[in-house]
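There's a structure below that I have some questions on.
For reference, chains read A, B, C and D in written order, and residue numbers begin at 1 within each chain.
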Amino acid sequence: MTISEKKENSENRVIMYREALNEAIMEEMKNDDTVFVMGEGVAERGGSYKVTAGLLDEFGKKRVIDTPISEASFTGAGVGAAITGMRPIVEILFIDFTVLIMDQIVNQAAKYKFMTGGKGRVPIVVRTQGGSGNGLAAQHSQSLEAWFYHIPGLKVVMPSTPYDAKGLLKSAIRDDDPVMFIEHKLLYMKKGEVPESEYFIELGRGEIKRKGKDITIISWSNMIPRSLSAAERLAEEGIDVEVIDPRTLVPLDRKLIMDSVKKTRNAVIVQEAVRRGGVASDIASIIQEEAFESLDAPVAIVAGKNTPIPFNLRLEKASIPQEKDIILAVKKTLNFKIG
Amino acid sequence: MSFREFWRDIYKNLYTIRVFEKNCIRLYRQGLIVGYFHPYLGEEAIAVGACAALRSDDYIVSTHRGHGHCIARGGDIRKMLAEVLAKEAGYCYGLGGSMHIADVATGNIGANGIVGGGIPLGIGAGLSISIRGTEQAVVIFFSDGASNNGVFAESLNLAAIWNLPVIFMLENNHYAVSTPIEEASRTEDLYKRAEGYGVFATAIDGNDVKVVYEKTKEALEVCRSGRGPFLVEAKTYRQGGHHVNDPGKYMPREKLDYYMSKDPVQTGRKYLINEGGFSEDEVKRFETEIENEIKEAVEFAKNSPELSEEKYFNEIVI
Amino acid sequence: MSFREFWRDIYKNLYTIRVFEKNCIRLYRQGLIVGYFHPYLGEEAIAVGACAALRSDDYIVSTHRGHGHCIARGGDIRKMLAEVLAKEAGYCYGLGGSMHIADVATGNIGANGIVGGGIPLGIGAGLSISIRGTEQAVVIFFSDGASNNGVFAESLNLAAIWNLPVIFMLENNHYAVSTPIEEASRTEDLYKRAEGYGVFATAIDGNDVKVVYEKTKEALEVCRSGRGPFLVEAKTYRQGGHHVNDPGKYMPREKLDYYMSKDPVQTGRKYLINEGGFSEDEVKRFETEIENEIKEAVEFAKNSPELSEEKYFNEIVI
Amino acid sequence: MTISEKKENSENRVIMYREALNEAIMEEMKNDDTVFVMGEGVAERGGSYKVTAGLLDEFGKKRVIDTPISEASFTGAGVGAAITGMRPIVEILFIDFTVLIMDQIVNQAAKYKFMTGGKGRVPIVVRTQGGSGNGLAAQHSQSLEAWFYHIPGLKVVMPSTPYDAKGLLKSAIRDDDPVMFIEHKLLYMKKGEVPESEYFIELGRGEIKRKGKDITIISWSNMIPRSLSAAERLAEEGIDVEVIDPRTLVPLDRKLIMDSVKKTRNAVIVQEAVRRGGVASDIASIIQEEAFESLDAPVAIVAGKNTPIPFNLRLEKASIPQEKDIILAVKKTLNFKIG
């Protein structure tokens, strides 16, 4: 199977992120009998964010399965089904609940290929959503991609647009390895162009979301729209920002990042997750290692504060990066003068 | 305590929960409450009956549907309202909201956003009691959905082998969000799961506060004499959807009507009159008192300030 | 298949497991095997009886004590020995070792280093069968210790509500390392845990291969006709410590003697003679054959090369 | 309670790491009735690595508790006991099994103080051990400190010597917040000087394990002895290495690290964990941010390879940093010439 990326500029149908995800699943379930969907409320209710709406009618109860609140075991069942020839898409309602499935993902799925000498494969997609928004508080707002990023054997996808969401999910479903597919609760209703004809986005291929020459912002998921709007504001002040969305954190499109940083000589990484031990730190460590000579200033990180996410909306907002924080970091980086 | 006082206290809690939830639903629809909000409407008898049987030094563990437990355990309504309205005067400075109210002072270990997540915490409370050798006890509230999570079974077993003074209070309201228990279990009688672990278990009418009170009392005696744990499955039904925004269309009319006809607050009201000796007029006056108290608390919470960013980052977050 | 052939196959597996484990223990003591090694000695009848009842397209899920399951399911002894000796010719290039042997070709989903970790994988195999609509089935092997992990209860429930063709084969050897089941459960009859989830369950003599075979056969019929799952608790005992380095001093002499007197290999041997029609001489010759086969496999594994660093990093690790 | 660090040079009793841990628990259990121990085989068997040996005899079954294989719930019970006035020490046999307790640690313990507005505290210590060694393979050899490091509300301790192990464990037990105390399976039998008199090591206080002026190695746990021996070899070649052990990753002794790096102008971080998304990346990101002008070369990271740990001993060794890898990284860093 060749996965190739093609963007059809002619079609400019606009749909929501959640609809794009829904289409990806629909198409892949039609295309391949072994694809099935499992999770809490995915069937009758069509999913808490409506991503699986309509699937039950189309494919029936055998392939669109409502589960009890048994995250560890139904995810494990997904892994077992994948090992025995199926392509499950398991939904975990909130990334905060992936704490319950770590054995099945980390000790089982991620290591199975390795532990069978390559004879066993685990083509499972775990769809979940993270991030803060709308006062869901500390146990429903975390950004935990760093955990999965750290585990050899897992792929990690975090789309920021409807177009990317669809193309990446289709590739994730066809991938023969376990993929953590992390959506963002504030993106589901966001709209964007999505062609009607079929397309795929290769895992490991980032994208320049905005071309620029003065500084590179690297960001993903819901921080992309925020970085783009910060870039527009900065443009008004004559600062030309390049915004890069790796789209998949594993595999990471290092070349795209390095080429950009080597060109702009300045980098800011923006993540919603807590600063300490986040993916941004890792990308920063790579940039300073690989592009040390090219940097005019240290790589800056704009990230979530070191706190659980508060319920109060103003404090929730204050706990994660805002446009103004990004603008500040860009300016500070550009104003950096070596001692 | 006289019957009059007993039933007065019971009804006070039942009616307070009812009015509290109705007020909050209104505030939610006005956009003054955000996030998740799971009303306890229709299940009031369980929290109230169970908590009435407790001593003041006992512990409870609550759930995402936790306002009833907090109120029944003697929680402060002003602090609760301030919390759900995200104000500094709340139990948690407005940082937690509906799903994260804990009241250390009344032994309420707290609500929980993770279904089943609180169950092992209750085992821990039981363990401290057992190590200290006091005669306290613990009531762990949870619902049918949580009983499908592995920690439930593990915790039953731990409580059993350590003879912990723990009551598993299974509020079987027949749903986990929109998933009916018949689709999540081969048997609707969830108490049977306890027996395989050697845990005493029984099912009761969860809408009758007297039944809940008496069965909890009995189970507590077993627990305090070192023969615990005990599982009580209290059969009940929500009087609406899973959360404020869920119309609950999937709930069959007949079943809803049946449980509505067994409304726990109305049932409690009858007890107040028949066993507590209240006259209809007295009850009405009492209800107005409660309504006023809540109205004042709502005003207090509405007019309270939010926690400032400065205080949050400099004093609260370490 | 004639009785002779049937019992020949059964005994071949029983005796192979016995000799395999004894050889490995020797290799371990010589320092040729490293890491964890959990012998299946004394429990051979369970793997052999259960696997004899399976079709070739069925699945099994194994454990950290997994050599018996792999052999009984038709695993390749040379590949197994190469694996435990950390050689490239092993099932997993020597990257997995004793606790990580899986044999995709024979439907053995694999051993597991996480106690209980395999149980949900078996549910998944059952789910694929159910979605595909074939008549395959799954046997999940696990022991008493694993039955205290939450995934066991969750998985029982999932299998029950989805009517999955899954047999939970609980090898109750009465210990989790040195912790006796009496300290980990209020009841020694673990099959009772299944009943609360609406799962058929029964306890049997796990040391008698005929009993295991027949009960598995029966349970498989239930499963294949869409009325599964089924839990079979096979009572047994280890013939030594938890792993090679554990002398197992905590195991009471009488109980060990009792189970030794019901040795599954000896019992199988009697069946081979009485029901399979083998003479004592024939059995002895057969045993020598098996011993020689294993001796050769040991030599093969010993003389095999290890995987090179180059190949490991450039071809295996992605 | 004041926790103060004092090293008694007069006493030079030499004991093993596991003995030092055992002493810490003994002393704290004697000192405080609310301290108790819980885990698989901690009582009768004295723990798989003998850390809890003798406790059952001394304190009885009520305070030294063998558990069934129910990691999620007995850890949760520890959290609940801590909330209700006790100071539990929960043992998880392998850090690989902490995948099963993440809800209780991350969603419950770490957030409880926050969610009760500071009125509730969770003084629990979760002792576990990680790292590879002796062919225990992929599910018994991981280094997962990065996960805990990423979660606000948790402290993370990783002692490298018997002295540190004892002083840090005593402080961890007295700490009012949840502490992940991560030991290393290859250190248990290592010996070192441990005074007989009582002492504490403050959480958040790192130590210079070897003074040097040319380059700073930052490392922890079992990578400390390896870094020290690499430093000795390098000394023979005239390279003077400073080796810093933060001892606690959270809180992190940033000042100690920055002062050293600003002095030596070169830094190498050595961790056993997988490179991608590890703690080393985070420390590197901090150094390049805070000491950009002081660096003569990019911060180098020596870390585990991107693979589950293999059973085969030679390949296991090849998968984690060896002395030669550290030496190479030091030399490469010192030879770095800007563009």
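One rule holds in what follows: contacts are C-beta pairs under 8 Å (C-beta built on N, C-alpha and C of every residue); 3 or more make two chains touch, one makes a residue touch a chain.
What you are looking at is a predicted structure, and each value in this text was computed from that prediction instead of being measured.
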Quiz item: Which one of the chains is farthest from chain D, going by Cα centres?
Solution: B
Practice problem: Please state whether C-D or B-D has more C-beta contact pairs across its interface. | Solution: B-D
Quiz item: Centre to centre, by mean C-alpha position, how many angstrom separate chain C and chain D?
Solution: 37
Quiz prompt | Distance between the centres, which are taken as Cα means, of chain C and chain A, whole angstrom | solution = 41
Quiz item: Between chain B and chain C, what's the gap in Å when you average each chain's C-alpha atoms?
Solution: 46
Practice problem: Please set out, as single numbers or ranges, the residues of chain C touching at least two other chains. | Solution: 92-93, 95-96, 100, 112-114, 117, 148-151, 154, 157, 161, 183-185, 317
Exercise. Identify all positions of chain A at which a residue touches two or more other chains, and write them in rising order.
Key: 68, 70, 72-73, 96-97, 100, 103, 107, 114-115, 138-139, 152, 306-308
Quiz item: Line, ring, star, complete or other: which describes how these chains touch one another?
Solution: complete
Self-check item: In the complex, chain A residues that touch chain C
Solution: 36, 62-63, 65, 67-68, 70, 72-86, 88, 103-104, 107-108, 112, 114-120, 152
Quiz item: Where on chain A is chain B touching in the complex?
Solution: 40-41, 44-45, 66, 68-73, 96-97, 100, 134-140, 305-308, 310-315, 318
Exercise. Could you pull out which chain C residues touch chain A in their complex?
Key: 59, 61, 90-93, 95-96, 100, 102, 104-105, 109-110, 112-114, 117, 119-132, 150-151, 154-155, 157-158, 161-162, 316-317
Quiz item: Can you list the residues on chain D that touch chain A in the complex?
Solution: 96-97, 99-100, 102-103, 106-107, 110-111, 114-115, 138-139, 144, 146-147, 149-153, 250, 273-274, 276-282, 284-286, 288-290, 292-295, 297-301, 306-308, 336, 338-339
Exercise. Please give the residue numbers of chain B that touch chain A in the complex, ascending.
Key: 34-36, 86, 92-97, 99-100, 112-116, 145-146, 148-150, 176-179, 183-185, 250, 306-307, 309, 312-313, 317
